[in-house]
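Listed below are the structures to be examined.
Shared between the two complexes below is chain A, which has chain B as its partner in the first and chain C in the second.
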Partner chain A sequence: MFRKPVDLVGAAAFLAFMAALPLVFRSNYLIGVLTVSVIYGIWAVTWDFMSGLTGRENFGHSLFIGVGAYTAGFMNTTFGMPGWWSLPAAMVMAVLFALLIGLPTLRLKGPYFALAMLSGAVIMQRLMLIFWEHTGGEEGINGLTPLIRNQLGFYYFALATLAAITALLLALARSHWGLILRAIRGDEATCQAAGINVTFYKIASLTISAAFAGAGGAMYAHYQLQVSPQLFAVVTSITIITMVYVGGMASIYGPVGGAILLVLLTELLRNFGEWRLMVYSCVLIAILFFVPGGLVAPTWRRIKAARGWGP
Partner chain B sequence: MLEILIVGAVSSAIYAMLAVGFTLIFGVARILNLAHGTFYALGAYGAYFFTSSFKLPLLLAALLAVALVAAFGIAVERVLIRPMRKSQLAMLMITLAVALVVEQALFLTFGSEYRNVPAFVDAKFTIGGVSIGGARLLALGVGVVLIGALWLFIQHTRMGSAILAISQDAEAAQYMGIPSDRIFALVMGISAALAAAAGVLAGPFLTVQPTMWLLPIVKAFAIVVVGGLGSIPGSILAALMLGYAETIVGYLISTSWTEIVSVAATLLMLVVRPAGFFGRRASF
Partner chain C sequence: MSAVSAAAPLLEVSKLNKHFGGLYAVKNVSFGVQRGEIVGVLGPNGAGKTTLYNLLTGFIAPDAGATIRFEGRSLLGLAPHRIAGLGISRTFQLCRPFVGMSVAENVIVGALGARRHGITDHEALAAGLLRRVGLAGKDRLPVEVLSYGDQRRLEIARALAAGPALLLLDEPFAGLGSGEIEDLSTLIRQVHAEEGLTVVLIEHKLREFMRLVGRVIALDFGEVIAEGTPEAIVQHPAVIEAYIGRGNVDPLEAGRAA
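Up next, the complex of A and B:
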């Protein structure tokens, strides 16, 4: 899975650092911020698995997140199911939506997929407001039960989930499967000519990405104890894409760093209040212009190269 | 019945103004402009701002708003999009980022509450027993005139021929001495101006708030997919279809379901005929 022992050491050190942080500082505020950053990490890494590897930009990742969160909300409050059922249910629902949009659009070249995902998320957000009798409208659904009552316990659960998902996706990305996805990004026509069922690989990787993003959405819902239409917002998708760009696209582990970095930075930007999103969008533009390769993954590669730890 | 006919025509005209610009800049410059809805929002806010803050007469405010938005569109193309032309992906990202920056700027200056854009005509007219606002009729009339004028411009002027030539084969057109960069800027200006005009005209009867750029993008995308990416006649036809389909769904079933029409139409069309009605190619 890890090509170099140094990658494994780096990952272990990072995990240990993340696990130790709340033990050292012991503040509920910090645990909250870290939990959110870890959940964003799940979303960023799943985005990168589909869009970073195949190069098909998904502008509506919030669709899967929102669907997962609302599934959790309905399961937990309307049907009174225990919280743990939300995770598999959210994954199934997110996969259904992924197939609904992926099947017609991913067999085509061009921007159809990117725009259809964006449209899907926008319309779902509208529908949550229009059918407010069932969805709670702007207020959303309140009164979910927490998965794990202990805040620190939930943080460790989220961190473990993130680690597991990242390890799985990284393994996939470095396998034969990932090679094909990268090849698709390079030249789709050639892949097709080589007898690779390009559409199958694209849709399968979207499904995997959606499933885990939906699970992340359900976790977020059970952490916030409520869901709102804001989860579907384009801003959510853009935040995630920015994290991936900061992390370094198609590196899988980079976006995790990007997500944690940006959530912590956002906390520092708290004083900016309403200017926060503006700063965010400007960061995105600046990154697109000046460091299109990202920061986290290239830095790690550079450290390794400088120390002679191998590429 | 007549009501459906008229109301449908009005929304079709607005959709057409949005979609024609969206498809034009794509067909000519291969820019998929996610900031297109932003031009529409800026048009509406411009008319509001100039009439309320500077107390300008509405016509002047409207023209000023459209001109400024066109200039803004050209500036965005020149400064932000042009360096990104190598990659579709980066262009999508940068235009979406522009849209978000503008949304936040509008939010910070005007707040999130709804604003009222004054209408050119406040009177209500009755046609065949159907009462309809003058602002809506004006939107329909101006929309038809503007799109007609654009059609004549493209078909009958030298500049229009240059635009057509680039949309057919950008490289060959450049070999013939057509300055493609300048044409891109021109087309971006036209496209932005049309969207801004739609915003000014629709402002009085639609909600004007910072996130108003989003739905038009969704609608324009649906229209452009149904009509065929890059085709102007296709997008006019599809705008009519979507405008009427939404109106009919609104009357027969419920207005709640109108929003679904566009996405359903997009997905259905992509399954049945990805090239759209008038598209030249299924992919590019």
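Up next, the complex of A and C:
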């Protein structure tokens, strides 16, 4: 799964660091920030698996997040189902939406898939407001039960989930499946001439990406204990894409680091008060300008190369 | 115009038409390719050669009424990846490698299609094919650093990785120097001789091409204007007209200039 033992050591060190942080600083505020950063990590890594590898940009990842979260909301409150049922249900619903958009648009060339994802998210956000009697409108759905009552326990659960999803997607990305997805990014016609069913691979990858993003949405819902139409917001999708760029597109593990870095950066910049967004944007622009290939994955590759740990 | 033979041809095409608006890119084309042949498709630019390949490989659909049979099976209505899966590999006129991947990875993708299930060691297959096409030792290079001639070799290695019964090469010599053209001809001849692979290649430059192929199908304005041995084709009045009549270029001179 990992190319070199050093990758495994790096991943273990990173996980140990993330696990130790709340034990060292013992702050509920920090645990909250870390939990959100880890859930963003799930969204970033799932975005990268589909769009980073195949090059078919998904501008509406928030669609899967929102669908997963609202599925959790309805299941848990309206139908009174136990919280843990939310996760598989959210995955199924997100996959249905992925098929709904992927089946007609991923067989086409051109921007249709990206536009359909974007409009799908926008439409769902509006629908949540239009059908306010069922969805709670702007307020959303409140009163979800937590999956794990202990805050630290839930953080570890989220971290373990992120690790498992990343490991699975990394294994897929480094298998022949991933090779095919990268080839699709290179040239679809050549893939077809090589006997590869390009449409199948794109749709299957989108459903895998959607399933885990939806699960992440459900986890977020059970962490916030409420869902709102804001989950479908375009800005969430854009934030996730930014995280992938900062992490290093198509590397799978990079976007995890990108997501955690950017969430932490947002929090650190709270001290800047009203200057926060401006500083944040400047830092982002600087990163994308000076290291256009991303920060996390290329840095790890450079460290390995410098130490002679192999490619 | 179809090949007359006791054995059923590997590829059989008849009444193939494709029009775009009022223009026929391919018009009433019929021909056959026997197993083990090297056939050349000759014609000036715009004669419909690449459209013919796109029709054969399912990238575009022919007008109604056509017959395309491969090993006796109709290819009409099949998606490109299915046709490739039946054993037809093609290359493209412009090299289209998978950028961002290594040379070996490019070849491996060629073997991941439907046709080859039994392969266990894809790395070894790729290394073997790369050695075969003269790219030994370049396995791990990023594909972007290859010269144009090497990219052509890579295209052929990738096409061979699928284990085809029929190889369709679209202007394999385009953009190559004369030394490279000779090397590539030798390679095509070897592949044909060693594996009994049937090869069809498109060209409009003549010299190397005529030495390589056993039979030529000449196209102009989408129609077959002549068919026969290379020697007969260069003497054929319709072919001479197609080249000299419009472009004032002697086909043999055009070949030498390349």
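Please note the rule applied: the second predicted complex is superposed on the first by the 291 of 311 C-alpha atoms of A that agree within 3 Å, B and C clash if a C-alpha of one lies under 4 Å from a C-alpha of the other, contacts with A are read in each partner's own complex, and residues count from 1 in each chain.
FYI, a residue touches a chain if its C-beta (ideal position, glycine included) is under 8 Å from a C-beta of that chain, and two chains touch if they have at least 3 such contacts.
Remember, predicted model here, so these are calculated numbers, not experimental data.
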Which partner reaches more residues of chain A (counting touched residues only), chain B or chain C: B
Partner chain in contact with A:299 - chain B first, chain C second, else both or neither: neither
Contacts of A:183 with chain B and chain C, given as first, second, both or neither: second
Partner chain in contact with A:108 - chain B first, chain C second, else both or neither: first
Which of chain B and chain C A:192 touches, first, second, both or neither: second
First (chain B), second (chain C), both or neither touched by A:78: neither
Touching partner for A:241 - first (chain B), second (chain C), both, neither: first
Sites on chain C touched by chain A in the complex: 57, 59, 79-82, 84-85, 89-92, 96-101, 105-106, 108-110, 112-115, 122, 158-159, 161-162
Chain A partner contacts - residues on chain B that touch it in the complex: 32, 34, 80, 83-84, 88-90, 92-94, 96-98, 100-101, 104-105, 107-108, 214-215, 217-218, 221-222, 225, 229, 256, 259-260, 262-263, 266-267, 270-271, 274, 282-284
Chain C-facing residues of chain A, complex: 176, 179-180, 182-183, 185-187, 189-198, 250
Touch list for chain A against partner chain B, complex: 55, 57, 59, 100-101, 103-105, 108-112, 114-116, 118-120, 122-123, 126-127, 130-131, 234-235, 238, 241, 245, 274-275, 277-278, 280-282, 284-285, 288-289, 292
